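A short worksheet on the structure shown next.
Chains here go by letter, A, B, C and D, matching the order in which they are written, and residues are numbered from 1 within each.
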Amino acid sequence: MNIKVRYFASMRDRMGRAEDTVSVDGDTITVTDLWKKASGGQDLPASTLIAVNMEYTDSAHAVKNGDEVAFFPPVTGG
Amino acid sequence: MNIKVRYFASMRDRMGRAEDTVSVDGDTITVTDLWKKASGGQDLPASTLIAVNMEYTDSAHAVKNGDEVAFFPPVTGG
Amino acid sequence: MAAQTHIKVIVQEEALDPCQATEDYQTSDVATGKYGGVVTFVGTMRDFNDGHQVSEMYLDYYPGMTERHIEKVCEEAAEKWEVMNILVVHRHGAIRPSDPIVLVAVWSAHRANAFDACRFVINYLKERAPFWKRETTPQGQRWVEHNTKDPAAEAAANNTVGIRRTA
Amino acid sequence: MAAQTHIKVIVQEEALDPCQATEDYQTSDVATGKYGGVVTFVGTMRDFNDGHQVSEMYLDYYPGMTERHIEKVCEEAAEKWEVMNILVVHRHGAIRPSDPIVLVAVWSAHRANAFDACRFVINYLKERAPFWKRETTPQGQRWVEHNTKDPAAEAAANNTVGIRRTA
């Protein structure tokens, strides 16, 4: 399955790109493992926020085919 | 001395005029007596508000030469 | 704080364009780049009151006294909350449904102060400011009555404003 | 209440004219003669932050998620307070000092509800809405940091909004 991954703000600068499409074997993958694949084995930086399908969630969340996953720093408000 | 007396809202309708200039013998007169003179001997209607020189006051206030006295119903706000 | 707050109060018979009034005042009187926000309240005439249709309202006021008392309340707000500018524009005379009646605009570095000060001023204007309403309904014209058992107490309250006076 | 409240949320890169936006929306979407007042908050970029000069700000956002979460907060406000209409317009992208960043406008029959709802929505927007600020100062560009010890707790808080949630 293919998962769309998006990065915002300083996370986009850090990754050097705004989004990835990550190919995953199997029906599901945790956010933690998805991040490892997308980042080339790095640990998820402390205080990173996660959204799956535009709702906040945590790193244990099981991502499924067609989900959109986003990583970003704490929001600063408008 | 001459005292300028002003009426607002339903008090103006009741008096049939917006203002009077009342001639008073002596240096001072209470608001109550001033009203009696201006109204031809009537009692001050209940719940009438009084301002002297644009500050709220009561009917015992001693009015002096050059003062402006106003009679009006309770305010309704804007 | 009062010394640092700029206050402008206008009572006018002409139609009120709240946007234009706010923008004109902001351009001429408000320090650019220093305030974080502006809170405005615009009050508009409704076409009903106490369950009956109102086709026109006439607002009487006491020229000089009305402005002076509104200014005093703005000064009181500026003592309570740190705000930069307060603008009040209020109509008098004949007003029709959906006409804007009143604008209160408060500029401040911090939004909480602007909200509190704006609310304080509009509460005074709606409850205690020297205005008198006459409504035109299908039954004719009538002065809106606000019965007072104790005019001395009301007069004292009106002088001190004191909606949230702490003393 | 929510079913009776009309809510519109716009996040745009174009310059924001708060007056024009409020008037256009009011003309097209707000029932004439039925509301007693409208409370608006307009937030403007200041030229300083944390003691240093800011010449430009860039606001990043998450298209789709940002609007959805703002709408949820407006719905929450409409459940708490009886209001007729809520309009939110928020900038993203490059913003310069004294540019309007955000407009929140709330129409209501009773002004207390409009004040409360407006304040609730702007507090959310300023504190928890999915925006990220990058400032340009004499020292260069920097993302504004908001350090979080516990991202899971923060995520949960952001989902529920709950600034004044009673449960």
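The rule is simple: a contact is a pair of C-beta atoms (placed from the backbone, for glycine too) under 8 Å apart; a residue touches a chain by one contact, two chains touch by 3 or more.
Predicted model, so just to flag it, every value in this text is computed and none were measured.
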For chain A and chain D, chains touching each: none
Graph separation of chain A and chain C (steps between touching chains): 2
Where chain A and chain B are represented by their mean Cα positions, the distance between them in whole Å: 77
Centroid distance [mean C-alpha coordinates] between chain D and chain B, Å: 51
Whole-Å gap separating chain B and chain C, where each centre is the average of the chain's CA atoms: 26
Touching two or more other chains - residues of chain B: none
For chain D, residues that touch 2 or more chains besides their own: 43, 126
Residue ranges of chain C in contact with chain D within the complex: 19-20, 22-23, 32-48, 97-98, 109, 111, 114-115, 118-119, 122, 126
Chain C-facing residues of chain B, complex: 6, 8-10, 12-13, 46-51, 54-58, 70, 72-78
Touch list for chain C against partner chain B, complex: 43, 59-62, 64-65, 68-69, 90-91, 101-102, 125-134, 143-149, 151-152, 154-156, 158-159
